Each structure stands twice: as structure tokens, then as C-alpha cells.
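What follows is a structure written as C-alpha cells; I'll ask about it next.
A, B, C and D are the chain letters, set down in written order, and residue numbers restart from 1 in every chain.
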Amino acid sequence: MHRHPDDYIKPELMACCGAREIKDGDVVIVGTGFPTMAANIAKYTHAPNATLMQESGVFDARPRRPALSVGDPCLNPGAAMIGGLVDIMGMFLQAGWIDVGFLSGSQVDKFGNINTTVIGDYNKPKSRLPGSGGANPIGSLAKKVLIIALHNKKRLAEHVDFITTPGYIDGPGSREKWGLPDDTGPHVIITNKAVMRFDKDTKEAYLATYHPDTSVDEIISLTPWELKVADDVHETEPPREEELKVLREVLDPQRMIRIYEARGYV
Amino acid sequence: MGKVMTMKQAIASHVNDEDLVFIGGYICRTPFAAIHEIIRQKKKDLTITRSNAADDFDMMIGAGIVKRFIGTFLSLGVYGLGRCYRRSIEKGIPRKIEVEEYTNLSLPMMLLAGSMGMPFVPVRDMLGTDLLKIKAFMGEKKYKLIDSPFDGKPTLLVPALNPDIAIIHVQQADEDGNAQIWGIGGDCKVGANAARKVIVSCERIVDRDTIGKDPSRTIVPSFKVAAVIEEPYGAHPGYTPGFYDVDFAFGALYQKASNTLEGFNDFLKEWVFDIEDRTDYIQHYIQTFGYSRFKELQARFDYGYPVSYEY
Amino acid sequence: MGKVMTMKQAIASHVNDEDLVFIGGYICRTPFAAIHEIIRQKKKDLTITRSNAADDFDMMIGAGIVKRFIGTFLSLGVYGLGRCYRRSIEKGIPRKIEVEEYTNLSLPMMLLAGSMGMPFVPVRDMLGTDLLKIKAFMGEKKYKLIDSPFDGKPTLLVPALNPDIAIIHVQQADEDGNAQIWGIGGDCKVGANAARKVIVSCERIVDRDTIGKDPSRTIVPSFKVAAVIEEPYGAHPGYTPGFYDVDFAFGALYQKASNTLEGFNDFLKEWVFDIEDRTDYIQHYIQTFGYSRFKELQARFDYGYPVSYEY
Amino acid sequence: MHRHPDDYIKPELMACCGAREIKDGDVVIVGTGFPTMAANIAKYTHAPNATLMQESGVFDARPRRPALSVGDPCLNPGAAMIGGLVDIMGMFLQAGWIDVGFLSGSQVDKFGNINTTVIGDYNKPKSRLPGSGGANPIGSLAKKVLIIALHNKKRLAEHVDFITTPGYIDGPGSREKWGLPDDTGPHVIITNKAVMRFDKDTKEAYLATYHPDTSVDEIISLTPWELKVADDVHETEPPREEELKVLREVLDPQRMIRIYEARGYV
């Protein structure tokens, strides 16, 4: 069995949760931070043949430090292929080759829709956010979308203020109606409190596992929709020793992942 | 003919008020020298476009020279939201820009269409989201949703985009404008080739024979290029593969400055308006932060292997 | 995993009867070793496609393994019309193949569409010509003529093409299939990336670190590749930049042989059926024509300059 | 004035006729043989800033020998840009950047339509030809199309058996009706006997100049349609000394151009 050291921080647990969703051989599109770490944990443990790419044009980078953006200079030396946006977003993503995409957002709703455009009314915004970038196409076209979010009533929503990136949109049948490709869509929401998955019939996120220091009740109280709970709900498996080893010794020796604690991932 | 000129000449001659301007770069090879010069020359009412905009677009918006933005995203990356962008949209300071929202798939594909003479292209994203509900200055031409004449399925079409001018920064170009890059491309190739003409800023002008030693690296041919400017460190605080790293500390400086309107204006005065040209900018950088910090930006080198095209 | 294999294994495992096969090359990097193996294994009823087909397509047609051809052009270049192609179309020998006719703009754009997940693309050629009047096995799906939903103008749409398998020959690839080229590209990149899987034949297998020294040269990523075959001189009698020249004399030999059905069959026996593999082929070449003629094909070298991707 | 040596062969004259249609700064798409030589004569004489490309993916090649095909190895070393078909045919030609294109064909008709597909009925062909290749897009999209042809009643036709490449199709208004770009189309037919241009109103080819060893009457008798003759019809200017010098000393020292004599260009 696996050893589970208890000195981990929440972002490390979340990265491990992401890693476990990746299968060997998966083609993964990542941004920075969590996603890259998650995908690389998978690659260094159970999924050595997973390959990663960044939307800016990079496939199978070999960075010597964690990339701080999808265009980070460290992604260039040693990559297997470098092209441009149309190669990654068109030739690989739109053409249906991406198995896993990671997304995060300022707001995520129960159908896995994501808002990265605006808080408040679009025309009179309370807060203008960056916009879609690569999020909408990844959410539209990757086979499994893994969503990273902060677990509170501000960041989770029954309905997002603005659907930048499609989850299941209005619920069952919506993606099909709009002609989004079959077998795509949100797969899981990984928060700092829990892992939520999507009900096959209702397309609503439900509680699958709760992280070690929390409870089903706490999570329900932090979730702004009437959260369903899985019959087999249980505690999230903490980071395994070998996962933490990869994370701390190979991927992020300077533990830059700690910046996520400052952003509320505790 | 004479395409080799100063940035001042290039911007004065080839960027007009109200132009639709494509500006290449993706942190990688951002043509910052050109952007500063555009701001210095106080061009008016530009429409600017690129996928994944960053500090350069934020700065132009803060400087008040932008009327419209055809975009997908604007942020300062690790430094968070674009402060000038937020002030513009949320408070109309210095003016409220109009935004046409696309994505990092649809916008590059619109530029691809523009570069290849296709009037429009189908894309498979944006469907079902509020990105289809909002339309700004492009109005009904933002997109069309049709039933595919091949299989009847709902199909989203986005129009070709053909900028009046494209500005890119590359590793090297010859005097006629044949421009070569390596490393992350972003939407530089499609954006430059979609434009009616191109300004090429480069780390070094090389002779035509050097270009000819590795022609597969060329992304823009001479006949599209109106101006060539040798502008070493032209992408700072962005980076150029093989030449210099991102200047993260300068990014933090910009973040801090742009947090307030006053700070932003002071920054603009110090780093743009009181600066003559790129040489002056680098001089000011070295005087302000010291040569050792400047030197640290310089890339280590790890050369690959040359190839032969012979027969 | 194990993608590295012999050509015999690759063709046996990955090319099926009735497949739609894209075969890259444009005199430049023709995957002739693969083509000979396909003929040796007597694959049946293939549909073959590429822009500007030449001796390789002519030979497959003459060998009787082709049912359909989605093409733009087929000739032997300086050696005139494709003899087997003519015999097939004019006399049904060995069988009459069906031809879907496009152009060197529309067909590469169909492969581009296929490579980028676009269901169709607009093209501006073929209009007003008999190329629109003739339709073969694609029938009404050959193209659609619509009024543009943007401006009402007549617009020709051609469908995406997604081959079952693509076969390309490149200068170098690693064991996972990351494939690199330099020099004339033809429609190799779009054709390979449009396919469901790719067979990569290469002059040399290099390690992953070598690929990583110059990743901008990669045209196909590992995850699309099913088989990698190190096959030096794999493009003969075509050429590979940096490795060897076109063998014009061999082209003349093929022309002369294929002038008659008997000559063609004798040629096929000597150079394909009685040959075990590429090593045997080169051995037979040297025994037949002498090592000095073989040596003459080897490219002179004129290496360019290496670049660094560092920061 | 120019000196005109009289030891030229007909293909040399034809190449010079082509060269004279090219203006300085023109962007020219060429195949092999005549077109390349014509464009290069222009480049070495009055049009030093003309640039050439081949559909296979090559821009501004510097071949050490005349290219025998558009994919010839000699086009690689020293070119300014090498990509693929979508770059040349899509990004340059379809996007409207090509000023001059050269074409030839087994049959050319009075409207400049070209047949390179089939002689006889398409379904029961007398002779199957190569097909369009790059011809149709060049004929559709280049601003000025220069057509090279043999002058006899087999190669010229009132109507071609098969329109592979559009000239003026059915005559005035046809290109516009089909939506081909404005200001494109056939500009001249250069044969081994004459130079024919296209009437602005009727779009029919008329005799503009006759080559030195022939006559208006001979050309009319060799032309299968009722050939109109320009009011100012005159003799074609023979090759200039400097044109021949470029051709023989720089472009084709082995005089490979002679193979066109064997093909009937006499």
C-alpha cells in the first residue's frame, strides 16, 4: 500500500487529485501552476507516456523550472515540437486529439460552466476579468476537462455571471444541441475542499470525495447549489509519498506551489 | 526601395490613426520597441488585435491610443489582471475601449483565414456560451451560425481578419524583410501574413545568404514587408529565444506602477515619453538597475546542430 | 510501446485494404521504400491521395493496388505523362481507377481542414471550370457552392479530408515519432496531421535530445505516429535535402520500362517483387549500376548555422 | 537602342516575350522551363526586384542549374523561404499576392481557357493528361496570367475539350459571374509564332505581334478561330543582346532550353 506523509499543503493535494485523473498515454493540454504539476506528477508516476502541450505552440516541453505562463521561455529548450496557436489549438485540440484539459476560473457553476470574462453585468462590470484565452476551446473540445476552483460561495455559483467556457451549459442535452463533439466536457471539479464529479443524467456536480480536514456538511455549507452527495462518498486519498517526492524533488524544488496558499487554496 | 529604417520612421510611415494593427508576440518576441514608439507618436483610435494580450496591450490601452480591441484575453500573467484594461472597461479611464471577444482558437483561425485568402472559416468552439451573445463593433459580422451544407449540422463560421498593418519582433531578418524565428510562435505567422503590410523588428539584420542557409525558418517573405528595424532587446521586458530572458522584475515594476493612474502615467513618462529610442531605453535601464541586472537577462547559449539543404 | 519497426512490419500492421492513404512527398522525400512494400504486400483497393503525384503513384496504379485516386495531377515530370496512369484511364489496364479531381490549392486546403478539425473550407479556385462539372465517387460531397452568409457572394466549399493513414519520409525522427524536416514541404505537414495515424520513414533515427535542440523543425508530434522506420535512401529515386539528389537516370529507366505493360511488369519484378527490403534494394542498385553512380547521388554538404532556444 | 543578335532559337524569343510582361517588383509564380527563364531574364534586366516562387513551397530560390520541376532539389539551398503548398498556394496566391503566373497547356482556346486534363471525352478519353496541378488556382487567382502555347490547330482551339483552368471562360462577364477576383485573368498568349493579347470587350485573343520569320497570314491560317488582328500589329521584337546574355551565360549555360525545340517550339 501507499504511504501518505501528512506534511502536505492543500495545493499539493489538489495537484495529486488532478494527476490521478490522467491515464497513461493521454495527450494533455496544460496551462501553468496546478495543471502542469498535476500532469507531470502523473507522468512521473503512473502515466509515463502521457504527453503535455501548451496552447502557445509547445508540445512535450522539458522545462528546468515550473513555467510561469504558457509562453514562458523555459518551455522552449528541449521541447519535441514548437509551432504556434493554430498548431496546438487547431491541429491538435480542434482536430480532436486532446484527452485532458485543465481549466480554472473566477466562477464555476454546478454544470461546470466557467466564467473568466466579467463579474457583474457585462456592459457595466463590477470586475473585468481576462477573457476566454484558450479556456473556451479547451472546455469545448478536450475529452476530459478537469476544473480547479476555490471552494466558497463566491467562486462557486449556481449560475455563473457569464459563461465564458462551456461546461454542460443548461444541463442534459445542451452540448449535443449546440453540436459540441461527443464525449467531451467537464469531468471533475477539484477544489481546496473536495472533488466533485458530474452526474451522468443531470449533468450537475455532486460531491465525490472530501479532503481530509473537512466534512460533507462543511462542503455542503460552502457550496451555493443544493449539492448532491455520492452514495460512496469518502475521504480524498492524501498525496502519496511518491507523488510528493516527484513534486518536491523534480518538478518544484523551490516549492513555488506555495503561492497558491496565498491565493486561498488552504 | 530601402526598407531598413529606424523605428521612429517605420511607425511614422506605416502606422496610421484608426488602423487595425496586429501586434505579434506571446511574452515571446513582443515588439515592445514598436509599441513604445506608437505611444510616443500618439497614434489615435487604433484597433489592436492578438490572441492572449499582455502588458503591451494593457499599456497601449492605458495610454489612450486604443479605440477597439479584437481579443481573447488580457492579463499580466503572474502579475494578475491588466490594471489599465480594468480601468478602461470598469471606469472609462482614460477612455472606455470597445471589445470584440473571441478565443485562442477562433481568433488565430480568423487570422489564418485572412492569411490564406479564405473569407471565413468554421470553428468548433464558442458554441453555447455567452461569447456568442455579446457582439460589439463587428455586429452581425462577428460570426454566422449555419447548417453545414455537407451534413446539415450546426456550424459556426468566423470571418477572416486582415489587419492594415502587422508588427512583429523576430530573431533575424534580411534587409528586404525575409523574417526568421525559432521557438514559440503564438499567432505571429498567421497575423503577419494576414496583414496588408508588415513591420519587422529584429534582434539582428543578417545578409540574404544567411537567410538562405536555413529558409525553412522564414515566416514572412520580403514582399509583404514594408520596414525592417534592427532593434536589439526590442522585446524587453518580454523575451526572445536564444537572446534574452523575460524580465520578471520589470514585470513587477509595471504591475506596481499600473496599480494607480498616477503610477502608470509616471511609468509612461519615465520609460516611454522621456525616452528617445531603444538605445536610449536600454541605456536608461542600465543606469537605473545596473549593468549586472541587464547582463543577467542575456540568454545562456545551447546551440543545436546545423543542417544542410544540399543535393 | 515500441514504434520502431521494419517497413514490412509497419505496412503489414498499419495499412489495410481499402484504406484512404495519404502519401507525402513532392519528388522531395517521396516514401518510396514504403510504396514498394505496399506493392509487395499486394494491398487491395486503396484510395490514394496527394497533390502533384508522380512516379510513385503511377507505379501503384500500374501494380493494380489502387481503386481510387483523390488527386490534382499525375505526371513523370521531365519524363512526360504517367504511362500506367494513362493505361488505367484509357484502356482499363490493369484496371480503371476512379479519379476525383481537385487542384494544388483545393486539395492541400482539404487536408489543412482535415488536420485542423474544420469540417470544410472555402477555396477561391475551380470556379467556372469543368473541374466542377465532373464528380466521381465523392458525388455531391465533392464540393458545395453556397452564398456566403457574410456577404452573399458565391463561395465554393470543399470538405475536410481525413486519411486513414499517412506515410511520410523525413530527414529525422525520434523513436516515439517526433518527425523533423527541412526544405520543400509539399503537403506533408497537413496530410500527415489530417490522418488518423502516421507511418514515419526517416533517413536517421535520432534521440529525443536531438529533436529538442531544434523543435521548430518538427512537423508531426509523437502521439500521432504509429510506426517509425529508419530507412536510409528511403526516398530514392526521389531526393531528400541534405542527404541525396534525385536520380534522374533512374527516372528515365522507369519511363522507358513503363512505356509498355511488359516493361513495367519486368521493372516491378526486378525492383520490387524480387527485392526483400530497402537494404536489398540499395544493394541491387549498387550491383546493377555501380557504387560510383550510387555515390554520386549523395548530397554535397553546405551546413548552415545552429541556433539556441535558451533564455 | 538595343542590339538584336540573330542567332536565337524560338524558345529563347518566347522566354524574352515572357520577361517583358514582368514589371519591377512583381511577385511571380513559376513552374519550370520557359517561365523560370522568362522571369529570371526580367530579374536580371529590367525587373531586379521581381521575386519568384514555386508552388511546392519555395520563395526566391537561388538554383545553380535550371530547375527541372517545381520540386527540384536545386530549389532548396539558398532560397529565402521554404514552406509547403498551403503557404504558396494559400497564403500567397489565394490571398491575392501574386502578380504574374505562367501557364501552359495541351490545349488553349480563344478565351484563354486551358486544358491539361483530357483530350476527347472525359469518360472515354483519347488521351489522359496530368490534370490541373497548380494551373487552375494560378489561372483563377494570379493578376496577370501569361500563357505559353504551341501555335497550331491541335494545340489552339476555339473551345478546349475540357476547361481545366479558367481563362475568360465563356467570354465577357464570366469570371465576374463566378466570383473570381477582380483584375485577374489571362494577359497574353505567347506562342512559337506570335504574341496574342485579349480584347478588353470580347475577351477574345487577338494577334498583337508576329515573330520575325512568320506573317499575319500564316498565323491566321494556323489559328483555329477567326483571329482578329490589332490595328498596330507588328513584328515581335527579337531577343535583345543583354537578354540572351543572361539566358546563356547566367541562367542556362548548358542551353537546356533547346529541348523545347524538340517539342515543336520552332
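In this section, contacts are C-beta pairs under 8 Å (C-beta built on N, C-alpha and C of every residue); 3 or more make two chains touch, one makes a residue touch a chain.
Note that the coordinates shown come from a computational prediction; the quantities given were computed from them, not determined experimentally.
*Asks:* Among the other chains, which touch chain A and chain B together?
*Replies:* In this structure, the chains that contact chain B and also chain A are C.
*Asks:* Between chain pairs A-C and C-D, which one is joined by a greater number of C-beta pairs in contact?
*Replies:* Contact tally favours C-D.
*Asks:* With chain centres taken as the means of their Cα atoms, state the distance from chain A to chain C in Å.
*Replies:* 40
*Asks:* Let me have the rounded angstrom distance from the C-alpha centre of chain A over to the C-alpha centre of chain D, please.
*Replies:* Comparing mean C-alpha positions, chain D is 58 Å from chain A.
*Asks:* When the centre of a chain is set as the mean of its C-alpha atoms, what distance in Å lies between chain B and chain C?
*Replies:* About 37 Å, centre to centre.
*Asks:* Mind checking the centre-to-centre distance between chain C and chain D? Centres are C-alpha means, answer in whole Å.
*Replies:* Going by mean C-alpha positions, chain C sits 28 Å from chain D.
*Asks:* For chain D, give me the residues that contact two or more of the other chains.
*Replies:* 58, 73, 76-77, 82-83, 86, 90, 93-94, 141
*Asks:* Would you pick out the residues of chain C that each touch at least 2 other chains?
*Replies:* 109, 116-118, 123-124, 153, 155, 182-183, 185, 213, 216, 239, 241, 245-246, 302, 308-311
*Asks:* What topology does the chain contact graph adopt: line, ring, star, complete, or other?
*Replies:* other
*Asks:* Which two-chain combinations touch?
*Replies:* The set of touching chain pairs is A-B, A-C, B-C, B-D, C-D.
*Asks:* Give every residue of chain D touching chain B within the complex, in rising order.
*Replies:* 27, 49, 51, 53, 58-60, 62, 73-74, 76-83, 86, 90-97, 141
*Asks:* Sort out for me which residues of chain D touch chain C in the complex.
*Replies:* So the residues of chain D in touch with chain C come to 55-58, 68-73, 75-77, 82-87, 89-90, 93-94, 113, 117, 122, 125-137, 140-141, 162-166, 169, 174-175, 177-181.
*Asks:* Would you mind writing out the residues of chain B in touch with chain A in their complex?
*Replies:* So the residues of chain B in touch with chain A come to 26-28, 51-52, 71-75, 77-78, 81-82, 85-86, 89-90, 101-106, 108-109, 112, 123-131, 134, 153-155, 182-190, 239, 241, 245-246, 248, 302.
*Asks:* If you look only at chain B, which of its residues touch chain C in the complex?
*Replies:* For chain B paired with chain C, touching residues are 109, 116-124, 141, 144, 146, 148-151, 153, 155, 157, 159, 171, 181-183, 185, 210, 213-214, 216-217, 239, 241-242, 244-246, 299-311.
*Asks:* List the residues on chain C that touch chain A in their complex, please.
*Replies:* Counting only chain C, the residues touching chain A are 1, 114-118, 174, 176, 178, 193-194, 208-209, 211-213, 215-216, 218, 221-224, 308-311.
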